[in-house]
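Right, I'll just put the structure down here and ask away after.
We call the chains A, B, C and D, going by the order they appear; numbering starts again at 1 in every chain.
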Amino acid sequence: SYAAKGYTSDRVFAPYTVYKGKAAFSLSPCLPTFTKLDSGTVVVDRRGSMMMVFMHSIGERKYDWEKRQRFALSATEVGSLITMGPQDSCEFFHDPSMLSSNAGQVRKSLSIKPNNNGYFVSLTIVNNLLKTKDQFSVPITAAEFAVMKTACSFALPHIMGWDQITKQQSRGTDGIKPKGGSQVLDLEWEK
Amino acid sequence: SYAAKGYTSDRVFAPYTVYKGKAAFSLSPCLPTFTKLDSGTVVVDRRGSMMMVFMHSIGERKYDWEKRQRFALSATEVGSLITMGPQDSCEFFHDPSMLSSNAGQVRKSLSIKPNNNGYFVSLTIVNNLLKTKDQFSVPITAAEFAVMKTACSFALPHIMGWDQITKQQSRGTDGIKPKGGSQVLDLEWEK
Amino acid sequence: SYAAKGYTSDRVFAPYTVYKGKAAFSLSPCLPTFTKLDSGTVVVDRRGSMMMVFMHSIGERKYDWEKRQRFALSATEVGSLITMGPQDSCEFFHDPSMLSSNAGQVRKSLSIKPNNNGYFVSLTIVNNLLKTKDQFSVPITAAEFAVMKTACSFALPHIMGWDQITKQQSRGTDGIKPKGGSQVLDLEWEK
Amino acid sequence: SYAAKGYTSDRVFAPYTVYKGKAAFSLSPCLPTFTKLDSGTVVVDRRGSMMMVFMHSIGERKYDWEKRQRFALSATEVGSLITMGPQDSCEFFHDPSMLSSNAGQVRKSLSIKPNNNGYFVSLTIVNNLLKTKDQFSVPITAAEFAVMKTACSFALPHIMGWDQITKQQSRGTDGIKPKGGSQVLDLEWEK
């Protein structure tokens, strides 16, 4: 048993997982990567996302990791999720082969729909090339959805890369000095 | 009187405590521990929780620390608490001997129920082995519950270990480079 | 003009100030201090608060810093503030001489009351020893109150000292190891 | 492809951008700068803001960066934005030449107005000196607005400089020690 201290350069894996009778899914933030331009400015290279991984149940307390399926929620899709009210539903469509010659052949859809006091979280993957259809459906409670919303709200600025902006200590300043003290400056701004 | 600086490797104790006439309880986050796999990936070993500690009153401004009782809220139970509306109630049941030969002999239940404009927070522990029943009930105001909700929302990503994920600076990247500049990449993603 | 980097050991002053015609007030978090027990545990020594400072107007864009009055909101009082709805009001009473021989001689009250679409934030200080009464009243907009609520929600875990708990990397662990892998451990916990 | 680690002293650029048919806008936090007084206290020099940058569409997936227009939301304006309900609207007016001889000649207004289930975000700049009027209007979905609200709530304490206050480890203390243990101190405070 270790504390987290020594691991800052390692990959930390701490998904929020909901295990139910027929399937399970986990939720985990996936951080953006950055690239440095010739100008010295650092920009987002690959966008962050909230990664959902679904697994089928294959026995008591056993889930099929080999046949897992993934769905990466973009920042805007996370925005949909965190504003859902008790009776709201949402559905997202992804094409993993978009822009390739196989565009349109595989269709992934994630839906979240009201179910009693909670929700059904479902992933459907239709693959026209393989003639397959894979479906996962996990009923979750209102409390489990609350954890997802709170955790996604926490993670959203991180997957957007805004934590890197607010972490930076040094930025170019225009050398503007307050004239007549900061209180006057305050007042001018407030107008 | 010290500042916190020198203490990063010590155990910091800063519970939120509500003292009332017959009993008191405190609330404090309990962080997860991590373990490193052979692959180098760091995973959660022991899960974090929100620890509640209850004490009986034994005189004016005195509470019985010796006979305190604990109840550790899981992430999902914290999810229940932070979504409670003014007229909602919740109740959780734990068996500290679960999976041992004494399973079912001790039953802990924590309930939060509406009371005027606030709530009653109650812990009941029935021990069939010792033939005892211990009960704590603490009336709290809406303001005290608001502190609990805000503090629990802050702590939830930490007890889930997600702060360790978002703290990590370096992660394996696929070496994917934007084709045609980041603006085009943005647009492709948005589709 | 400097960046914040070099100042981590200095006192940083960044109040949120609302300047109005007759008076102004500023809001700023005041962090707790800690003390180390012989056991090595670090505990909160002096509690944190949200400090409000009121000043009378003494001319165009001038406020009387010399005769400013302070009111320190406790964590629970901050809890009241951040849960206030549009038509709610709240009022807090402090006695700065509490527990001294002058107890009851000075009475400070802070009230926040609905006013059109915003609020009136008022501080009244009655001093029976000096036979004085000092009063400040600042009308604020819904947007200004929203800043106060968001900033107070951000600051609350910090004035409670919980950011120090979640910052700590190393805590005593019981040496418990997962039996049969973390997936099984997950399931046991969920029960 | 790099990780963010090595860049803490560089300018990180990670705007949230909404691209639509006729125009696009991006949103990004702009941190405050600080200055050190002779007393050693560090105060905010230039206030932070949420920077919005608007661009016209000039072809498929192309936007005119050269003719971009900016609008910097103050902390209080961010407060307006994050409290907006589904049917609310808001409008802000800025004069970039305020306090100069050209005061009143250029008028910038930003409005956010309900549109189906989302909003219209519009920037209008009337320049009486150049006899020009520039207008941008971007329809956004409820999900995109949710991202803006969550990201702005995250960024607000940072643009106010409060993250610098809560980061500081050392502050002057009065040397007050608890009399009779921290539990008694707790009780005195609660009164």
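Basically, contacts are C-beta pairs under 8 Å (C-beta built on N, C-alpha and C of every residue); 3 or more make two chains touch, one makes a residue touch a chain.
Since the model is a prediction, treat every value here as computed from it, not as a measurement.
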How would the chain B/chain C interface be labelled, same or different, where same requires over half of its residue numbers to be shared?
different
Field rot_deg for pair chain A/chain D, CA superposition, rounded to the nearest 5 degrees, holds 90
Approximately how many whole Å separate the CA-defined centres of chain A and chain B?
23
Report the inter-centroid distance (CA atoms only) between chain A and chain C in whole Å.
32
Find every residue in chain A that makes contact with two or more other chains and list them.
1-4, 33, 35, 43-46, 76, 169-171, 173-174, 176-177, 190
Interface residues, chain C side, partner chain B - complex:
32-36, 40-46, 75-80, 82-83, 153, 156-157, 160-162, 164-174, 176-178, 182, 188-191
Would you pull the chain A residues touching chain B in the complex into a rising list?
1-4, 7-14, 16, 28-29, 31, 33, 35, 43-47, 74, 76, 98-99, 141-147, 150-151, 154-155, 158, 163
